[in-house]
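Chain naming follows the written order as A, B, C, D and E, and within any one chain the residues start at number 1.
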Amino acid sequence: MAVSISFSYTFQVRGLAGARGERWLFEGLDLDLAPGEALAVTGPNGAGKTTLLRILAGLLPAEEGSLCWRPEPAEDQVRLHYLGHQNSVKGALSAAENLAFWQRLAGASDPDAFARAASTFALNDLLDLPTRVLSAGQKRRLALARLVAIPAPLWLLDEPTTALDAVSADAFAAAVSDHRAAGGMAIIATHQDLGFQPTHRLRMGREG
Amino acid sequence: MTASTPSSEQPVPGVRGSALHRFANPARFLRLARAVQPWLLAVTLVSLLAGLYFGLVASPIDYQQKDTVRIMYVHVPAAWMAMFGYSTLAIASAVGLIWKHPLADLAGKAAAPIGAGFTIIALATGSLWGKPTWGTWWVWDARLTSVVVLLFLYLGYIALWNAFEQPQRGAKAAAVLALVGIVNLPIIKFSVDWWNTLHQPASISRIGTPAIDPAMLTPLLLMAVAYLGLFLLLLLLRMRVELAERRVAALQLSRSRAGESR
Amino acid sequence: MSGFFAILGRDLRLARVESGGALLAVQFFALGILLFPLGLGPEPGMLSRLGGGLLAVMALLATLLALDRLFQQDHDDGTLDLLRTSPAPLWSVVLGKALAHWLLTGGPMIVTAPLLGVLLQMSWPAIGGLCAALALGTPTLSLVGAIGASLTIGARRGGVLLALLVLPLYIPVLIFMSGTVTAAETGLAFGAHVSILGAILLLSLVLAPWASAVALRQIGE
Amino acid sequence: MSGFFAILGRDLRLARVESGGALLAVQFFALGILLFPLGLGPEPGMLSRLGGGLLAVMALLATLLALDRLFQQDHDDGTLDLLRTSPAPLWSVVLGKALAHWLLTGGPMIVTAPLLGVLLQMSWPAIGGLCAALALGTPTLSLVGAIGASLTIGARRGGVLLALLVLPLYIPVLIFMSGTVTAAETGLAFGAHVSILGAILLLSLVLAPWASAVALRQIGE
Amino acid sequence: MAVSISFSYTFQVRGLAGARGERWLFEGLDLDLAPGEALAVTGPNGAGKTTLLRILAGLLPAEEGSLCWRPEPAEDQVRLHYLGHQNSVKGALSAAENLAFWQRLAGASDPDAFARAASTFALNDLLDLPTRVLSAGQKRRLALARLVAIPAPLWLLDEPTTALDAVSADAFAAAVSDHRAAGGMAIIATHQDLGFQPTHRLRMGREG
């Protein structure tokens, strides 16, 4: 499926250090992502994958280090998507309403992207159900649909395939490769096989 | 695409804010504190003794209030310090939020309980004074109420500091509250003019010549100096304690850091 | 302003889907008012004198009750991460939320206040003053509430801590609201009070979005 | 009774860990009381007359505010599934929760009420009556509140809906509490009121655990 | 590791039917579990796995059908553990406090079981941390520790290995086989390979 927008940003991390509470999780971390590149972050529980992603998303303060975009994205440009362990879904609203809200919030209400997202993750029969009643995997698929519905150069995904069945996992892999084909970048923390080849791998944690 | 510019290099949000445990070395501050403290102590003690002497012994009694007027020497400076303490809090918070200077956050944290203390003193002495003069311990007029609000702002500030896992989060949240709470200061100050209340209008701190007998003014000012000295003294002490605790935390962190370096 | 309208629309929609939150807030307001005659004993004369004050205080408490979850829910279900990573400026998000909150609490209260005033046998001028006071006062309550709500996100015992933080800030508003009513009741010109309320509203319109945007940015979890 | 003690211990521990929830609830109680003189204007005489009623109403509202999350949190984080699948009888769980809630709200209120009474310049007998009323009334508030809380679990807008359900049930308690105070104030014997409060308490002690156990069992999600 | 208690219950399901909202998810379902048997439930997202488990746990009403234990367990006996998509963990309490609370609630405060549970899922360093700060996998491990800390004949597990790293997944597999060795039964819904051989498999959903 041809995606209209294409990106050509690079994302650079220098000397990044992250701590939680009194625990120092990682330091002196350098990353370089070019258009179309994907980084798989692995490591045992508590290694600091989520912490890293949240720092990269600007949701957590880093102890040291700097992030740098080249070129600097415009103010109103959606720089990144952060998908954490939670789905950020409003149970009372229907799937369609959630998706539409995300688009409006990002200032990118594009019907085609909406339709593409819904069909990519087989949400069409579920669009009108209140999200509360959806199954775990269905909720996760809705959360993933955000990535397709709103184009953004950088995806930060924390165990995206949680609760997904085989079919949906493949759909996700396909979405990622479309994204990369369009010059997008992705950093994905996972414990499972992602179903595609990342350009780089980062293994965190002492035990690793 | 435009060539990369160093200007597009930006620090991660909150990096310096999060440096709370191991911040820009406070050595200069500590040196200063140690140097100033003895002098502060001296000034405080001297002015306190002098103030008490003039206030309780060598000052005339009010022709209608008799000796109860002497409460003034405890009450008024306490009330002033209550407001001064909050101003300190607000300024420290502003500095902490804008320039992310960790020392400012600490100053705020250290100042809050002291200011709250003075507020309580003002309230207590005030109502003690109210009984003989107004014939009641307490009335709900604007001045008194706004001072109660001040007390609750202090309490809220302290509560926020302790309400979060990460100290820096508590610091920032409390700082925002402190800044918002500034609106209460003018209310306290001018409540006596805006609403007709039982409480004294400004007679000393008003613009122009104070409408009060110098024999009363002297001890009052002496006591004010003493209170101020006491405030600063406690502030420095508490800040030094805080710093010591931070240092311990820093040591723990660096140890865990050493433990994890691979 | 994309953030503003997105949030405003969503929160209103949520309130509607979640079985009329708006109505419920007002019903609480009304129920509270009906409690006082029970608690204070039914002396008509007294009630009519106190009516304005009681209504003002109850409006304040009802606002407070509805504030509780203003940001907490978005924080718990992870929506706040979206809001913070989206390009929409946080102050616009806060404004949207505050306005939604007001449309769901303050607004309906203004409409029902006259009715309750009549029930408490308040005089017509007093009721007029009350409506004016509420119209200018309640938006401030929502805005200031937004500050408190964003400060207490993820705090332990958020609900009550919120009350502790916000009530003191509400006090000036309360004073001038009831001041307006009493002035109107006693036939005095209440322009002064009203204009002060307006000034406070403007102040909080400037202050609140900034303050709670700062607070939201500080969250690191 | 394993359920009873397990829940009681945990909820008290939670309150302690979550930075003194108890104190905060009382502070809200106190702050609320401070609001009325502002709203009603400072006539010492009037306040001292109204004091009892105001304190009763505020005790009621403070209880309400603290009720909000009684079961909701356990529902949201899935703990309720544990409680329902555990062999511990649900009524014992409810009792434990209600007692914990009372120890964190009603108890501290009884302690602070005299102080506030003095602030409002209530007469000593009135203050005595107030304490008696609170001592017998607030446990009922917690128990009845538990029913409301378990009925509104998972309900949308739980907070305000809860208020709606519970307030009407609180009204009798409120009436007799303020009745006790006025009786005590006017030097009448308030034994009758007190014994009625006691009767209501006993009734809710029997009814509440059963009712909310049923409600909890009905949840199907 | 030898587990002291051993069970000899059988669990029988006849003609079970479950629906959510207007949707009939499954019907005429029969299950027979003997001591030591494990049933793996698979199927696409939304097939009804969670619904089935919640009905079996008595958390949801069934449309039709009956559950039957032989012999009927005693009143105060912990019949089953239900572990859903959620962890049922109190973020404000430490891991140790959570575990202790669960034991007390079940009326089974057994220090040995506690210690065994903690060591099985490598929680010993985490016991004193407030659970809020734990990583996703660490939280899941704490939730799993409940199974070992409180002996119960029937385990109903909904995607138990979510967010677990490889090591923890093996620990879980070992725990299950201990449980089965002690005559316990388990019904496990999953999308992933469990790392052990279940006695029965149930594939739900039309697409399957």
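Some observations on this one:
By definition in this document, contacts are C-beta pairs under 8 Å (C-beta built on N, C-alpha and C of every residue); 3 or more make two chains touch, one makes a residue touch a chain.
All values reported here derive from a predicted model rather than from experimental measurement.
Taking each chain's centre as the mean of its C-alpha atoms, the one that lies farthest from the centre of chain B is E. Averaged C-alpha coordinates give centres for chain B and chain D that are 36 Å from one another.
If each chain is reduced to the centroid of its CA atoms, chain B and chain E end up 55 Å from each other. For this pair, chain A with chain B, the centres built from the Cα atoms lie 46 Å apart.
In chain E, 92, 130, 133 are the positions where the chain touches two or more neighbouring chains simultaneously.
Looking at chain C, residues 17-18, 156-157, 161, 164, 167-168, 171, 175, 219-221 sit in touch with two or more other chains. Chain contacts: chain B has residues 13-14, 17-18, 145, 152, 155, 159, 163, 165-166, 168 touching two or more partner chains.
Chain pairs recorded as touching, per the definition above, are A-B, A-C, A-E, B-C, B-D, B-E, C-D, D-E.
Partner chain C is touched in their complex by these residues of chain B: 13-14, 17-18, 97, 142, 145-146, 149, 152-153, 155-156, 159-160, 163-166, 168-169, 172-173, 176-177, 179-181, 183-184, 187.
The part of chain E that touches chain A in the complex is made up of residues 20-21, 43-46, 50, 85, 126, 133-138, 141, 159, 162-168, 191-192, 207. The touching residues of chain C, when paired with chain A in their complex, are 2-3, 5-7, 9-10, 13-14, 17-18, 77-79, 81-88, 219-221. Against chain C, in their complex, chain D makes its touches with residues 15, 17-21, 24-25, 27-28, 31-32, 34-36, 38-41, 46, 50, 53-54, 56-57, 60-61, 64-66, 68-69, 76, 155-157, 159-161, 163-164, 167-168, 171, 174-175, 178, 182. The part of chain D that touches chain B in the complex is made up of residues 19, 24, 27, 31, 34, 37-38, 42, 44, 47, 118-119, 121.
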